[in-house]
Structure formats: structure tokens, C-alpha cells
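Each of the next two complexes has subunit A plus one more chain, namely subunit B in the first and subunit C in the second.
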Partner chain A sequence: MADTYTLISSQTLSGSASSVTFSSIPQTYTDLLLVASARTDRSYFLLVDSILVQPNASATGYTTRNLLGTGSATQSNTDTAALQLSAGATTSNETANTFGNGSCYIPNYTGSAYKSASLDGVGENNATEAWAGFTASLWSNTAAITSLKLLPYGGANFVQYSTFYLYGIKNS
Partner chain B sequence: MADTKIVVNCETGEVSEVELTAEEIARREADKAAFEAEQEAKAAEEAAKATAKADLLAKLGITEDEAKLLLA
Partner chain C sequence: MASTYTPIATQTLASDAASVTFSSIPSTYTDLVLIANTRINQSGSSEIYCAPNGVTTANKGFTYLLGNGTSASSGRASNDSYIRIGNGAGTSTASGTFATSVVNFMNYANTTTYKTILSRGSDATNAVEAIVGLFPSTSAISSITIVGNGLVNILTGSTFTLYGIKAA
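Let's look at the complex of A and B:
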């Protein structure tokens, strides 16, 4: 049976950090899957933070559509900051010791076409207000993806025990 | 500790903890301030809309459910 789903690398933070970058990503898979379990140190009123995913550390060329649920209402917005894992990280304002979780799927990351991604994230608040996000993002760049930089949206830091897994998917 | 970034080399498995430069720290702080100001403005706008809606319903003397019925 073909080995179609392989852990490329993982990282659990031993302390807080402003970003995590997976570099020198092998070009031998068809798709990439990033899985995150994250919390940030933001003390401002927000319950969740989005995680920005920047291929090749690029800060430009992104188009994103977010669909969000708050527990009692829905929202939709657009953004251009990065591939965006909405609601993928809890903040200091959510239930203590809980971590958000989310995933980012990037098909055909070695190709020369623009790179699309589908992302989903959810906070883990033990309350009525708990956020979930579903996102479609596009990176309008023809370069193969060789690195992925992950950082909380808006200048927060990931806290200790935030964990990130990068998988390679083969289509055969 | 927060003024660091982690770089994981997927080929070698080497993990580097890199100190942020003064420029990177300044940019992060500026990003944070701008982001939180934007969120505060959004929250204030939503609160103002909610207040205006409640005031209008009170003026009309109907509930939100009744207003939805009217618009259905």
C-alpha cells in the first residue's frame, strides 16, 4: 500500500515564540497538510486569534475569504495578510489551558500554478461564545512552496505547548 | 523568551531558536497596536449599531421577532 500520508516535521514549543517556520520542505509530495494546536498570549478582549500561514515568508499576494461562527451569530470577511487559519488559536481570554486547533490543506504546493488553500479552525472556549472559522485562501504566486511561516495575526506570540505538525500527502 | 522565532529545518530536523532583531520587535509591536485599534473600532461600530437598532425597536414599540415578521 502506498505511503500517502507522512509526518514531515512537528514542533511543540518549550516557551513562547513570535513565529514558527518549517523550512526546507521536501518537494517530494503532492499536497501539504498543516495541523495546529495553539494558544497566544493576547490579553486584549478577543477570544481567538487567527494564525497567518505565509509560504516562503511572503507578505504579499494573498486573497482570503473567512466564514466565522461565534456561537450565536455568523460573520464573513475578506483579508489579504496571508493564508489565514481563522480562529485557530485561543487567547489568554479563553478557558485556561485550552488550545485552539485547526488545519491548513495546500494542494499541489510544488507546482507553478497559484497556490490555493482550505483552512479551518476552532477555539475551545467553555462558554456560549466560542468561535469557529472556515477559510478559502489563495496565494497568487507561481513559486513552489519550500517553507511555511506561522504567526499569530496582529503581533501576539504563541505560548508554551503550542504544537504544529506538517504532513506530506502523496496522491499515489 | 517571546522575542524569539523558531525555525525547523525539515530536511535535517535541526530546530533553531532565533532572537528577533530590534526592527522585528518594533514591527511586531506596531502590528499589535494597529490590529487591536482596528478590533476596538469594529467593536465600537457593532455596539453603536446594536444601540441604534434597540432604540428604533423601542420607538416602534415592537420586539426584534416582530420586526423580523414584518420583513419576512
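Let's look at the complex of A and C:
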């Protein structure tokens, strides 16, 4: 039986990094699934410490809607920065050794339609700041996705032991 | 590695269709996952729905948690003919825009319990939502029919893939 859920590549950071890139993504799958466990060294507060996911390193063409629960409230907002994965703990706000976790599912990544993505993320914490987030993102671009560049929202760096896995899923 | 995530069937619409059906679903998996990338002929609310086993009796319920980019809300329906499973992009969006839904049918083949369906709808131009639905039937799910809100057409280029997941 064919393997239809296949690890394309993984990265575990041995030191801090301002970005992580999966390049030369094979065009032989139907969908992509990115799974991240990440923490950043940013020192200032952001409500949601998202990871920005930029197909083909593009900085434009994004529409995002977030739905967030913080443990005491719910809210929804929009953004245009990138595909947004609401998972990336920060040094200043999160318990030590705590990493945010999330996944990003991109169907039909080789197609010529705009690229829609479904993203889920959490940032649990033994302190006041924590959240769970659902996100819908759209990259209004017809190019096939050949790379994914990941950046911490608001700058800073991913820290050591952050992990990123990229899977390919075939529909046949 | 054992293959536990197996494509059962896939459909890409070459023309507009009133519904999409996966039939003769094998009962040999533990769970089902449906990946839908959808556009429907509706300019307003562009939700998509399903009818397991083609049953449209008004006895189904679902509850959603939704964010529209401005506020969060929750609602539910009971005694509904269909179960809401996510979103399609509406015709008010740019051509070539589709919305993604990831739908999990747990323990779909058992013949002793009602079936729970968990969905994530992602329409970046409209709303993001999480939905739980109940199909109140002890029959195994052997087919799934997908329709658009108001039974409008599902538009050309929409894609649907059904995967089977085995516990072992």
C-alpha cells in the first residue's frame, strides 16, 4: 500500500534562528501539513505569538481571520501579514521550556487556484497568558508553493529546540 | 511504517454540481477524514453541510464556534436536515478562491452508538469556525453527501478527498 502521509523534511533548531525555510518542496503530493513546536526570544508582549508562514517567501497577498480563546475571553481579528499559525511562546510571557504548538494544512498546494489554509495553534502556560487559536488564511496567488518560510510574528528569533515538520499527503 | 492514512476516494468537480457524494465507504477503517476545498454559488453565507448515509431527516444537531474577524460567537441548530461541516468560498470572493474544511468522522463504522463529527472551516474572506455535529444513528456511515448552504450548486474546481484512518 502506498504511503500517502509522508514526512518531507524536518528541522530541529540547534541554536536560535530568525527564520526557518523548507525549500524545494516536491510537487508530487496533493496537500501539505506543517507541524510546529516553537518558542521565540521576543521580550515584549503580543496577544498572540503567531508564526508567520510565507509560501515562496512572498510578503504580500494574504487574508487571515483568527478566532482566539485566552482562558478568560474570546475574540476574532483579521490580519494580512501571512498565513498565521497561532503558536509561538515567548520568553517574557511564557513559563520556561514551554513551546507553542500548531499545525497548518494547505490543500492543493501545486494548483493554480488561490491557496487556502486551515491553521490551529495553542500556547499553554503556567501563568496568565495562554490561548487557543483557530485561523483561516488565504494566499491570493496562483503560483505553486515550492517553499515555506517561517518567521516569528513581530521579529525576534526562534529558540533552540524549536521543531518543524513538513508532511506531504497524497489523495491517491 | 504502516499505512494508516489512506485515500478512499477523491473528486474534483469538472462542472457545477448540486451535491457531492462519497458512496460505498469501506467499514474497515476506524475514522474518516474529509478534506474539502470548496466554492459555492452563494454570495452570502457560504457554509457547507453533510448528510451521512444520505439521511435528510430533520433530526441532526450541530454547535459552532465562529470568528468573523471582528467578533467571536457561538450558536447551534437542532432538528436540522444536515450537519454543518465548514465553509465554501462564496461568489463575492475573487475568482479562484476556495475555502478549506477539515472534517473528522469518529468511529464511523460502529453500529452501536450515534456518530460525532468534528469540523474546522476556514474561509479567510468570511469566517473561521469549529463545529461539532451529531448524526443520531447507530448505522455505520457508508456514504456521505455534501451540499452547499441553501442547496445551491457547488462550483467547478472544488475538490473533495476522503481518507480512512486505522487505529492499528
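We adopt the following convention: the second predicted complex is superposed on the first by the 160 of 172 C-alpha atoms of A that agree within 3 Å, B and C clash if a C-alpha of one lies under 4 Å from a C-alpha of the other, contacts with A are read in each partner's own complex, and residues count from 1 in each chain.
The working rule: a contact is a pair of C-beta atoms (placed from the backbone, for glycine too) under 8 Å apart; a residue touches a chain by one contact, two chains touch by 3 or more.
Quick caveat, the model's predicted, so the values are computed rather than measured.
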- Between subunit B and subunit C, pick out the one touching the greater number of residues of subunit A. C
- Query: First (subunit B), second (subunit C), both or neither: which does A:72 touch?
  - Reply: neither
- Query: Just subunit B (first), just subunit C (second), both, or neither: which does A:170 touch?
  - Reply: second
- Tell me which partner A:41 touches in the superposition: subunit B (first), subunit C (second), both or neither. first
- Message: Once chain A of both complexes is superposed, is A:128 in touch with subunit B (first), subunit C (second), both, or neither?
- Response: neither
- Message: On the A-aligned overlay, A:113 touches which partner chain: subunit B = first, subunit C = second, or both, or neither?
- Response: second
- Given the complex with subunit C, which residues does subunit A contribute to the contact? 1-5, 30-31, 63-69, 74-78, 105, 107-108, 112-114, 116-120, 134-138, 140, 142, 169-172
- Inside the complex, what are the residues of subunit A that reach subunit B? 8-9, 11, 13, 15-26, 41, 44-46, 153-157, 166
- Item | Touch list for subunit C against partner subunit A, complex | 1, 3-7, 10, 35, 37, 65-72, 87, 89, 94, 96-102, 120-130, 157, 159, 161, 163
- So, in the complex, the side of subunit B touching subunit A is made of residues 1-13, 15, 17, 20, 24, 28-36, 39, 43
